[in-house]
Structure formats: structure tokens, C-alpha cells
Amino acid sequence: MNLLDFANSIEGYLLVSSILFVLGVFAVLTRKNAIGILLGIELILNAAGINFVAFSKFHSAAMDGQMVALFIILIAAAEAAVALAIILRFYRLKQTIDADEASLLRN
Amino acid sequence: MLMSLKAFLPELTLVGFLSALFLLDGFVPKLRENRFPLVWVMVSCLGAALATKAASNLTGPFFNGMVLSNGLSTFFRYFFFFSCGATAYLTLSSKEIDSRGRSEFSILLLCLTFGLSLMALSNHFLMLYIGIETVSIISFVLAGFSRESLRSNEASFKYLVYGAVSSGLMIFGISLIYGYTGTLAYPQIAEALVKNNGAHPYVFYLALFLVYAGFAYKISSFPFHFWTPDVYEGAPTPVATFFSVGPKAAGFGALLHFILTALSQKDGNGQWTMIPGIQLAPILAVLSATTMVVGNLSAIAQTNVKRILAFSSIAHVGYVLMGFVVMTPAAFSSIIFYLIVYCAMNLGAFWVVGIVTDLQGNDDVSSFRGLGWNMPFLGVCMAIFLFSLTGIPLFSGFIGKFLLFGALIQVPGYLWLALLGVLNSVVSLYYYMKILKAMWLERPEGEVKALRLPLTQIVGLLGLAVPTIVLGLFFSPVLELAQKWVAQ
Amino acid sequence: MQFPILSLMTFIPLLGMLVILALPKDKPNLVRWTSVIFTGVPLLLGVWLYRHFDASNASVQFVERASWIKAFNIEYYMGIDGLSIPMVLLTVLLSFLCVFASWGIEKGVKGYYAMFLFLESGMMGVFCALDFFLFFLFWEVMLLPMYFLIGIWGGKDKVYAAIKFFLYTLAGSVLMLLAMLAMYYYSEPHTFDLLALAENHKQFLDKTVTLFGATYALDKILWLGLFIGFAIKVPIWPFHTWLPWAHVEAPTAVSVILAGVLLKMGTYGLLRMNYPIFPEATQWASTALMILGVINIIYGALCAMAQKDLKKLVAYSSVSHMGYVIMGMASFTTAGVNGAVMQMFNHGTSTAMMFLLVGVAYDRVHHRWIVKPDGSKGFGGIAAVAPVYTGMMAIALFASLGLPGLSGFISEALVFLGTFSNPKYQSYVVIGSIGILLGAAYLLWMFMRVFLGPLNEEHKDMTDMNWRERLTLLPLCVLVIVLGVYPMPVLNLMGPTIAKLLAALGVA
Amino acid sequence: MAQSCLWIVALPLTAFVIQALVGKKLPRHGDWVSVLAILGSFAFAAPIFLEMIRSGHVSEVLQYKWMTMPGVEAAANSPVLNKAVTLTVGILVNNLTAIMLFMVTLCASLIHIFSTGYMHGESRYHLFFAYISLFSAGMLGLVISDNLLTLFMCWEVMGLCSYLLIGFYYQKVSANHASLKAFMTTRVGDCLFFLGICGLYVVFGTSSLSEIYKALQAGTGTGVTIVGVPALAFIGFMLMMGTVGKSAQFPLQVWLPDAMEGPTPVSALIHAATMVAAGVFLLVRTYPILEKAEIVLPVIGTIGALTAFLAACIALVQVDIKKVLAYSTISQLGFMVLGMGVGSFAPGFMHVITHACFKACLFLASGSVIHAVHTQDMREMGGLRSKMPITFLTMFIATLAIAGVPGFSGFVSKDRILGDALAYGMTHPGWMWIPILGFITAGITAFYMFRLIFMTFFGHARDEHKHHHAHESPFTMTFPLMVLAGLSLAVVFAGPTGIHSIDAKLLPVHWFDHALDTVKAEMGVHGLHVEEALEHRAHGLALMVSLTVAGLGIFLSALTYLKKVISAEAFEKSLKPVHTLLWNKYYFDELYIKVIIQKLLLPFTVLLAKFDDKVVDRTGVDGWATLTLFLKSIVGKFDDLVVDRMMVDGSGNVVSAGGWVLRQLQTGKVQQYLVFTFIVLGFFIFYFVR
């Protein structure tokens, strides 16, 4: 069971997507920069997309797995657009996009 | 196909009004100054409600399984349209949404309501995801609606980060479930689960939790409630009002739908039994208990009224979750009744807070000082809403809790949850009375000057206060309605 | 359904509240006289009720029954029997007198009287309701006006006292809610009707319920749930700390109602629900109840002796007197229980007098210190300046310390006779009689320091009681003396019902 | 006959009501209303008394239902737990009642007449008469009542009147303290008395005396025990404690001397003739019960003897004329209780009657002396013999009576009691010290009474100014003295000389003995039964000893105070410690007031009140402030303003402690929110999924 076969089987895809997922979560939690957080979020969504495609390919003949992946990409794009707009205004108001700055509202 | 469109009529009317408003606003600029867009929203909600009435007899899946309309969904449709109309009525006199943003606000509001009904109707994970995303993205924008204020912007930023992560987790969970069951439509998932009766791999439970993350974020239950106080405090008050009623109910609708169709079977006489191998009750009980306790305890030492109401809404989520622990029709009808009652009193409370923040400028408890004496009508209404939120008899809040605890007590073994719930409502009395104490028990500094309330607000507040009392005494008609919806 | 007297008596004050809210703000006297009318009418109805109450039969009379919520077969079920008629009469009388006693209120007169009438209808409802849901509704509704009455028109730190009172009572009644629900769902034909629950109380016997892992007998847990709710109201020893605060801070008329009627709801509740529906659990807990009663007596008396504030002293004396009621109830003997219910009535009249009199002094001198906190003399030698006031206070004092010839003695004597005839509790009576001694000590010591001795110069110009105050106190004086000499008019009302209650208790 | 008894009580009661309400406005402030009322009662009492003398036997019982409570028709064998309970009210007229009624109404009327003179010009004159009328009603009610419960009620009404009358001059702080002390000490006795009544209910199911007499004869009530003690003994002890409280016997005698703060007619009426006698009357009424419980009587005897002796010693050193009389009253009461204890039922009762007359006379005489010289201190009096002849003469007769000189009523009853005590001592050797103590006390009584006479009436005036002003009291005050002095003669009770053997020849008066024998039979009392010979020998011996002792007392007193041969001061100095002990009344006052009340009770109550406020209120219920403080200290950086204000606002409790912890989680940074969320999610997954 060499590396190539592994890469081609379902486990390979799942391994990649879970790695991506963990990286995304880690990025969201630790990045100071707001854009960094957005990147993390995109990673998580893509991980889900890979998952869908992999399962659709290996397990069921139906195409709805790919269809969902398509929708994920679409929604990720919309989300990114709105997120960037918000971060832009945040920058215009605070002249910085450091996530920890946003702590006016607390306890 | 035609049948599906007919069943989808309410949403379609909504989209029709939405696009009409969109065009009108584009071409007739002077519409902005007067209150036309908000009135338009109300008219569209009315239209959608009538459409729901027409479509309510069509039950069963539509759009080949993507959407399921039954008694529950008709209830949630009425609920969303009513709360959207009420919020529009509320913003008529609000200073935070001034003439400049009124039309954008209306369009976004209608679009949000459309997303909500999508969530409640969805019978398929994809439709669910789309619904949740539409609602989330529009709420990010609404949260940050007042451009200049830094707090509103911060609120939207936090909501954005938190919301995106949670829906990310959810979609990852959905992908895992898709992997395990091979399908995304709820009924097929149920069949797949029944097939390998009880021997579910660990990953499936992990996936269930991740999916719950999406719902929990929407209804702000314990692990995912951190964003609520900051967003409610930062967002403009009408927006916060709608957040506390609309999306929360949609979250419950979707969760209810998911559990009932995907995770359990409905046997002959309308009883739901969980698919073997899935034991949700203990987990939900712990979640409900922790949500209640967190909501109530953190509200104790608050001095900002909007944060108090935010935590109180979290606490109420805890009470509703109690209904989920017990899978009986009585429990679900009490959940529905509780949501109706919660909507009325919460809208009222937020509305009064909105009026006071407009008048006094800041939303600290001290700005409520001596208000009962200056504006007795406002004081009385607020007293009614707060007493009802605490669950004092004679008010509808008590009946809601009464039904919930009644359903819970019938199941042996969860008496401790009922006891915790009951003690929590005592604790909640303290912070509700903190507001009332400021309004009535402290005399205003200057001499008592009676401020006049505009007529619209009086009518609106009465529209919410009167049912809170009437439902407290004669609640059987509404209860029968709720039971009918659940039975369908 | 003949003339619905009970509903009338309950809802006329509510109607009065609405009428008052509609009255113009700037005419206080008009508001005062309307509230006099709206408390006077229930008083007249009360008298009519007393005359037509058939004292010989033990069952419920003047029953009014209408179905209210079919889904839970909750009924609007009102009726009174031997237990509730004395309390109803006491409520109606005290509310009528208190309207006169609060003539001195200037701030927010309309709000005050509206809340007061709301309170009266709440109290009436509690004593007449026979459906647990209706009882619970009135029980909690009564808290709202009390919160505002204490919170707005109260004394120095009224806010703390008001929220403390509300939190306490709500915590108790919330436990009652759970017990109510459990009783509803565990009873065969799901019902809230107290009398039906009492008939087949066997159904609660051999069931168990699990709480935090351990399993307990159902009827004991339910009994405990109800007991805690009522014990807070009585107040029984560990739950009594709200009473001194609420009394000291409440305006005179409100503390009269608080002491005169609200305290009795706890014991009334115990007799109406705990005794008939859970007889076995009541017997299981009877010694505990007796011990708590004795603690109440001694603890209240000792604390009263150390008080420097007149009103706090009277508050602690109420704790002590309610101890007798609990003792009488726990003895399960005819004389004991009759004495307990009689003490509920007598304590109502004598404490009401004492609070009104303290109010009279407070209106004139604006302080209530027997000995000022800094040790200097508070009141002193008032007898020289206000003889009639001293005479009235003497009558009130001697009535409440149980001097024969006045009403206090009758109920204390019955409680002691009853408890003594139960061989188990004879030593408790000996300790209880120490309570009588302490009672006489702190009351007369207060009387001496406040009224006798050389006159304290600050109160030289203290005027004696005016006609209005004398008229409010006259009926109570007459009641205290007449019932002291010949208690049968009130005592024969409760006899048959208590006999039925004891039979149901199955006491040997 | 019973109807007239009702009138006897009703008249003074109505007088009280009239006086209390409209007394001030009536002419002469309505004193005539009270006097007429009491005279009316006397008029009703006299025929009953005469009927008793004529027919030697009068007996009637009247009963009304007072309170009825329906009970459960429980099984026959069930204890008295919840059977029907009926409390009755009733009148019992027998020879005892007749005699007591006559004596009480007579003394009361005389004292009413006396006080019209004595109290003339007082500020609250009408209230005084109101209180006295209420008192008389109470006393008469007690005398005629058949049911112990109504007896208890009148008992306490009298306690109330003594409280009001002692504190009549309420401006004086000492008067207030005295009245409070009186009420509280009698209240102690009353509480125990009431427990006795409860005991009666448990044993006999009723507290009506006539039924109890029948039940005792039928032998019920032997097996039952109360609180582990045999029932009748328990009841006996409790009744005894009632008497001890009311008649100021040994442990509870502190209040009577201080009761002298009240006006003198009050002392005469309440603290000589009637109220204190009521205590002994209770023993007389319930004697059959005491006899049935054997161990109670000796205890009563000891208490009586001890009180008599101790009170007599204190009287030796007193200088205030009323204090001397007060202690002599306690001593004489001790004698009566001693009599009851040793079984001499009839003489004991006779001593109650005779003592009432001569002690009332003594008090009224001292009242007229005080009225004349405006001081109560005997050291400032002297030589008043010439100034106030009538007062001197009547007081002298009464003193002879109390000293036990033959020919006077005191000697008759005291000699018989001592005789019976001696007989009792002979048959029960263990209790021989009771009669010995009795004889010594008789001697001391003679000594201090004559000391009083010599210091006030003989010798030269010590204070010229007062002596000059002294004048004889008006007729309204001297007339009662003369009547009472007349009653103090032996001829009234047992014949001219009072000595049995001599009287049999001259003019035997037997009405009292016949009355007592019939009532003893009626009640089932058999008193001290000793063989004929032994009793005769004992009485002879007792006669000899009491004569010598009385003579010795008078002789010594004459030597020290009349002839100044023995100097009292030297005597005092030599026995300095004894004198101070007696002067401070065996430190009883200090023990009760200073130690028990001020050192133990009050500090404890203050402590308890603090405990109640701080501990039960704060920690037990709404005050976990301590926990929050603890959390604050360990966490360090902390939003003090918010938390302090929360605690200061007083309702910081476990909830707020929890609230504070949770609020620390809301740090405002969204990423930290997510961290908390993931932690909790991880915990959930780990815990549930496993």
C-alpha cells in the first residue's frame, strides 16, 4: 500500500481536509491580524469542501456532494466580501486591524 | 413543480415585495425621507402572512425533498413575519435608524426574514446551510448598521468572526455526516441511521456536536453565547431587538426540524422516539442547565440594560432547551407557546429600552432613574414586560414556564433540571427588578415632569402589553393552536 | 350559583384600583374617600357573610365554581370554610382600617391606594381560592403591590427591604410551583382541586421520585416543597430574616397588613394543603414542626428584648407569637389546632393595634428609637403628654402578652392546653411557657422605657391621638376585649372544620 | 345564693368601667361610685355569711358553658388527644367562699373609705379608684370561681392591678422598676400555675373544682405520669409554685418589699389583706389534690417555715415602717403555708382571715402615721402617742394580735398552727425542725413588732418639726382602724382569751370550727390525723412554749427600745456581718436583677440579635460576601468599584459570587471567546462521546 495509492484513497483526502481544518482553527485563534482570521475561516470552509468532494467521489454515485462544495465556495466568497467591508471600516475608524483592539464592549 | 411553487408562496411574495422596494428605492430617491420603506416592509409581512394562510394546508416535502412544510413550519412563518413587521413598526420612531439608512435597513430586514423562513423550512442540509448563511451575513451587516459609531462596528466584527467560525464548524460536521450516511436529506439520513441500528462510529457523534455548533451559535446556547452580549450592546437597538427574536426562533425551528426528522422516528400516535444509539437527552439537559445558569448569573452584576436583556435572552434559551430534553408533544407545544410569549415580552422590553436610550442618550440603568414617575405609561408597560419575563403569575411568562416545567416533571429523572430552572427564575427576578427599581423606586432628581409619548409608540406598546396579560389568564385558545401545529 | 359574594369581595377592590387610577392626580382626598368606599363595601359583605355562615357544617360554603382552562381542567373554584372565614373577616377589617391609617401619606397618593386595593384583592383571593392554580396565582400576585408599597413609600433603606422581601417569598413560592405541578401530574385524574386531592390523598403514598441521584418518598418531598414555601411566609425560624427589614421599612398601614394578614397565609396554607393532602408526611414531620415552633417562640422573644427600634421589637414579637400558632398546629389536638387558628386571628388584631400605635408616634416624632443608637434616650415618659395614647398602647401590649380577659390569653391558653394533652410534647409546653414569660418581659420593659418615667424634653409638644386615629383603633380594642371575655363568636366558626381536618389526619 | 355572688363581682366591675371612662367628670372624681359598689358587694356577702353561721352549711355550684370545640369521635380507648373539649365557667359557694367573701368585702370597703381620705388631692384620683374597683372585682371573682381557669384569669387580673397600682406614681423611676419587678415575679409563678391547670386537664379532663373533688374521692388520677413525674405530684408542685409567686414565698419574695412604692391603701388592700392571701386560698381550694400527692405537703411546709424565719430576721433591721410590715406579711404568709404543709387545714385558713384583719389595721395605721408626719422612716418618728391617740390604740391592739398575745385573734390561729406543727414534728421526727423554726419566728415577730411600736409612739420626738405638725387623722381614716382593731380580738373567733381550756368555761365561740369541719368533709380533706392523747399533749406544750417566747420577745424589745438598757447599736456592731446580710435581704435582689438579668439575659439577647442580623441574615441566606472577598483576594486584579457596590448593596449572595466569576470570561476579545468555546466543546465531546 504505497504512498500513491494512499493519496488516491478516501483516507488521503480526509487526512488533508482534517489537517486543513486544524490549521484553519489554529489560524483563527492565534492570528492578531483581522485578515489573518479571515484566512483561517476560508481554510475551514475549504476543508469542508474537500471532504464533500472526497465523499461524493468514493462513496455515493450521486453528485450532490460536488454540488454542496460548489455552494460552499459561493457562500465563502459572499462572506469574504462582507467581512472585508467590515474590516475596512474597522480600519478607517481605528487605524489598525489588530483583533485585540476590538474590546470596547466587555464584561 | 407547480405544487412546490404554491407551497413556497409566502417566501415568493416576500421576494416580490423585496425586489419592488429595491427598484422603487433606486428610481424614486425622495421616498427615503418619509417612512415609506418601513411601511412597505409591514405591508409585505402582512402579504406574506396571508400567503402562509393560503399555503398552510399543503403539507409534505417540496422541491424534491429540499423543503418540508408542516404545522411547525407554518407557525414559524407566522412568527417571523410578525416579528419582522413588529421590528419595522418599532423602527418608525427610533432615532438610531434615521432617514438616511431607512430604506437599506428595510431591504436587509426583508431579506433576513426570507433567510429565516428558509432555515425553518429546510429539510435538507444544503438548504439549511444556505438559510443559515443568508441570515448570518445579513446580520453581520445589520449589526454594524450605524456607520459612525465604533461600538456598532466592533459588534459586527465580533459577530462576523464568531459566526463564520461556527458555520465553518457546522459545514465540516455536515460533511462528516454526509460521509457516514451518504446523503444530505433528513429523511434519508434517518433511514441510514436506522439501518445500522445503534452501532454508530465515534466520528458520527463528533459530527453531531459540530452540527450542533451551528444551531447553538444561532440560538446562542451555552458554549456559543459569548458573542450575544457584546453584539446586542453594540448593535442599534431595533436590530438587537430583531436579533433577540427572529434568528433565535429560526435556530430553534431548524434544530427542532433536524432532531424530529433526521434523528428520530415518529410512531403511530404522534410520539417521537430517538433512533437507537443516539441519546440526546442528557447532553441537552446539561446544555440547558448551563445556559440558564450562565445567562442568569452573568446578568446579576450588569449595569448596562441592553447587556442585561442580552443575558436574559440567553437564560430564556436555557428554559426553552428544557423542552427539548423531553421529546413529548406536550413539550413541543409548550416550546411553541413559550416562543410566542417570549417574542411579545422581549420585543416590548427592548422597545422600551430603545425609547429610553433615544431619550437619555446612554443605555445605563441610571438613565432609567425615576422614569416611572415621569412617564407612567412607559413605566407600567416595562413593569408588565419585566414581571412577565421573570415568570410572575397573572402574566404570560408564568404560563410559558408553567407549561415547560409541567412537561419536564412528567419525565422522571429530570426533576433536578426543573428545580434548577425554578431557582434560576428567582435569580432572574433580581436583575429585572434592578431596572424596575431604578424606574419606580427612585424619585427623579428634578420635579416630576410628565413627558408625552407619541401615539404610535403607545399603540405599539399596548399591542404587546395587553396580550402579555391576557395570555397570562386565558391561554387555552393559543395552546390548542400550538398543539394543532405540533400534531400536523 | 347563588349571589357570588366571594368573587364580589375579591374583585371589588380590584375595580376600585382601576377607578382610582382614572381619578385626577391632584385631589388626594377624593382618592382617599373612594378607597374608603371600595374597602368599606367588602367589609359590609364580610359582615353579611359572617351572619349567613352556617357554623355547624364543616364542609365548604358559598362555593363558586366555573371552568377556566379546560386543557388542564383548572377551575375558578372559590369557597370558604371554618379555616378561611376568620381570615377573610380579618383581611376585610384590617384593610378598611388601614385606609384610614394611611391618611398621612402625601407622596403619590393615587399610586399608594391603587396598590393597596390591589393587595387587598390578592389577599382575599388567597383565602377563598380552592383550586391550587388559582391559589398560586393570587399568592404571587400579592407580591407585586407589596414590593411597590415597601419600595416606594418605605423608610430609609426601603429598596433593600423591598427586594429582599420579594426574593425571599418568590424563592418559596417557586418551590410551591414545582410541588403543585408534581401534585397535578401524579394525581390520577390530573386535577388542581385541593378538595379532590385531599379526598384521595392515598395516591401520593407509595411513589418515589429521584432527585440528584437519590430517591425519596414522593409525599415527603412534596410536603417539604410546600412547607418551605409556607415557612418563609410564616416566618419560621431560619427563614425569618426578611421580616424585621420588611416591617421596619414599610409604611405603617402596610406593616399592619403585613403582620396582620400576610403572616397568616403561611400557616393557613399549611392547614389547607399540607395537612389534608399529605397526612402521613405531616405526622412524620410533626416533632420537627413542634421544635421549630418552640424555637420561633424563644428566639423571637429573646431577639425582641435586644431591639432598640420600636417597630423591630414588634416585628420580632410577631415571630414569637407565630411560634405559638405552629406549636398549636403541630400538636394535632382539638384544643391545640383551634387555639392555633384562634391565635392567627387574635395576633392579627393585637399586632395591628401595636403597629398602628407605633405609626401614631412615628407620624408625630419621625423616629422610633426606644434607646437612640448613640445610647441617649429615645422616647421617655410619654404618658404625661399623651395619656389616651398610653392607655391604648397598654391595652395592645397586655393583649399580645396574653393577659387573661384579653384575646391573647384565650388562644395561648388553648394552644398550651392542647399541646399539653399530647403526651409527646409536654416538655415543649414547659419551654413554651418561658416564651410567655419573655414576652411579658420585653413588652413591659419597652412600655416602661417609652411611656413611664420622667418626660424626655424633646417630646414635650407631642400631641395626643386625634379623632381619626382613635376611631381606627376603637374596633380593634373592642374586638380584643370582647374576644378575650367570650371568644365563641369566632371560635365556633372553626370548630367543625378542624374536627374534620383532625379526623382526616387519622391521629390516634 | 349563686346569683348574689354574680352581683358581688359585677358591682365593682361596673364601678371600674364607669370610673375608667367618665370618672374625671363625676363630682368628687367618682370615689363614691367605687365605695358604694364595694359596700353593695359587702351587703350581698353578709347574708351569705350569716346564712353559713346560722345553718353551719352552705353549698351551691353553678356552671355555664364558656368554650366548646367539637372533637373527633375517636375510638374509646384513644387518649384525650382530639376528643371534644368544653371549657366551663362556674361559681362554687361553700363555707370557705362565704368566709372569704365576708372578709374580703369587709376589708376592701374599709380600705376604700380610708383611701378617700388618704388619697385626697392626688392628680389621678379617679384612676386610683378605677384600679382598686377592678382589683376588688378580680379578688372576689377569684374567691367565688369554681373553675381553676377562671380562677387563673382573676388571678392575673389582680396581677395587672397590682402592677398598675404599684406604678401609680409613674414619674418615679423606682416605682416603675418596682411594678415591673412585681409583675414579672408573679408572672413566673403564674406560668407554672398555668402548667398545673394544663396538668389537671390531662388527668381529669376538666379544671372545675367540684368535679375534681368528686373524681379524687373516686380515686382517679393515680397512675398517670406527666413529664415522667407522677401526675398529681406535678400538679401539686405547679400549684405550689403559683402560691410561691403570688404570696411572695421564699424564692420569689423579692417583689413584695419593693411593692411598698405604691400608695399605702394599696399596700394595705393588696399586699396585706387580699392578694397575697389569694395564694394561700389557692392551696386551700386545691387541698384534696395536695393531700393525694403525698410528697408535696412536706415541701410546702419547709418553704413556709423557711420564708417565715428569713423574712422575720430581715424585718429586725428595717427602718422604713412599711418595709417592716411588708416583711412581717411575708413572715405571716410563711406561717400560713407552714400550716398548710403540716396538715393543719383549719387553723391555717383561720390565720389567713385573722392576719387579713390585723395586718390591714397595721398598714392603715402606719398609713395614717405617714399621712401625719410625711415620712416613712421610723428614726424620724417617736412620741406620737400623745399626738395620735386613736391610731396608737388601734395599732397597739393589732400589734398585740400579731405578736401572739392571748386574748387576741393572732394568738388563736398561730397557737393552733404551732400545736399542729409540733404534733406533726412528733409523728414525723425528720421534720421536727419546722415547729422549732416556727417558735423562733413567733418570738422574733413579737420582738420587731414591739420595736416598731416603741420607735414610733414611745420615747421622745426625734424630729421636732415633724412632731409639731403631727395631728390625728380625720374620722374617715380612723373609723376603719377601729373596726379592724375590733376584729383583731380573740372573742370574734374562739372566745375571750383564745386559750381553748379557759374559753370552754367562759363564752365558747364555735362558728368557725363548725364551718371548717363541714367543708372539710365536703371536700374530702382529712388533715392531720393524730391520736387524741398525742394531740392534746402537743397543744399543751405548744401553748407553754409560744407564751414564753412571745413574752421574752416583748420583754427584750422593751429593754432595748423603751428603756434603752441594751443599746441596739452595740448589738449591731458585734454582729456586723449578720446585720449587713440581713440589711441587703440575703442579696436576693442582686442575684435576680444584677446577675441573672443584667449579666446573663440582656447581654445574651444582644448577642443573639447580632447573631440573627449578621450570621443568619448574611451568610445563611443572602450573604456569601465572605466567599466573594476570598475570590477577590486570590484573583488579584479586579474591578473593585463594581463588586464593592454590588456587595454594599447587600444582596451579594452565592449568585453574585458566581456572577462575578462568569463576568470575568467576557473579556471583550472575540478570539478569547472562541478559545473558551473550543475548550468547552472539547470537554463536552470528550465527556459525552466517549
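To keep things simple, chains are lettered A, B, C and D as they appear, and every chain counts its residues starting from 1.
Basically, a residue touches a chain if its C-beta (ideal position, glycine included) is under 8 Å from a C-beta of that chain, and two chains touch if they have at least 3 such contacts.
What you see is a predicted model; the values in this text were computed from it and never measured.
Separation of chain A from chain C in touch steps, taking the shortest path, is 2. Where touching is counted per the definition, the chains common to chain A and chain B are D.
Distance from per-chain Cα centroids to the pooled protein Cα centroid is smallest for C. Separation between the centroids of chain B and chain C, computed from CA atoms only, is 43 Å. Distance between chain A and chain D, defined via averaged C-alpha coordinates, is recorded as 97 Å. Averaging Cα coordinates per chain places chain C and chain D 36 Å apart.
If each chain is reduced to the centroid of its CA atoms, chain B and chain D end up 78 Å from each other. Residues of chain C in contact with at least two other chains: 163, 167.
Across the assembly, chain B contributes residues 157-158, 161, 165, 229-230, 430 that each touch 2 or more other chains. Listed for chain A are residues 25, 28, 37, 99, 102, 104-106, each touching two or more other chains. Touching chain pairs in this entry, ordered by label, are A-B, A-D, B-C, B-D, C-D. Residues 642-643, 646, 651, 655-656, 658-663, 665-666, 668, 670-671, 673-674, 676-677, 680-681, 684-685, 688-689 of chain D touch chain B in their complex. Residues 373, 387, 390, 392-394, 398, 402, 405-406, 409-410, 412-413, 415-416, 418-419, 422-423, 425-426, 429-430, 433, 437, 440-442, 474-476, 479-480 of chain B touch chain C in their complex.
Of all residues in chain B, only 157-158, 161-162, 165, 202, 205-206, 209, 213, 222-224, 226-227, 229-230, 282-283, 286, 293-294, 296-301, 303, 427, 430 touch chain D in the complex they form.
Per the touch definition, chain C reaches chain B in the complex via residues 68-72, 108, 136-137, 139-141, 143-144, 147-148, 151-152, 158-159, 162-163, 166-167, 170-171, 174-175, 177-178, 181-182, 184-185, 209-212. Within the complex, the chain D residues that touch chain C are 66-72, 74, 78-85, 149, 152-157, 160, 163, 167, 170-171, 173, 176-177, 180, 183-184, 187-188, 191-192, 194-195, 197-199, 201-202, 226-227, 601-602, 604-606, 608-609, 612-613, 616-617, 620-622, 649-651.
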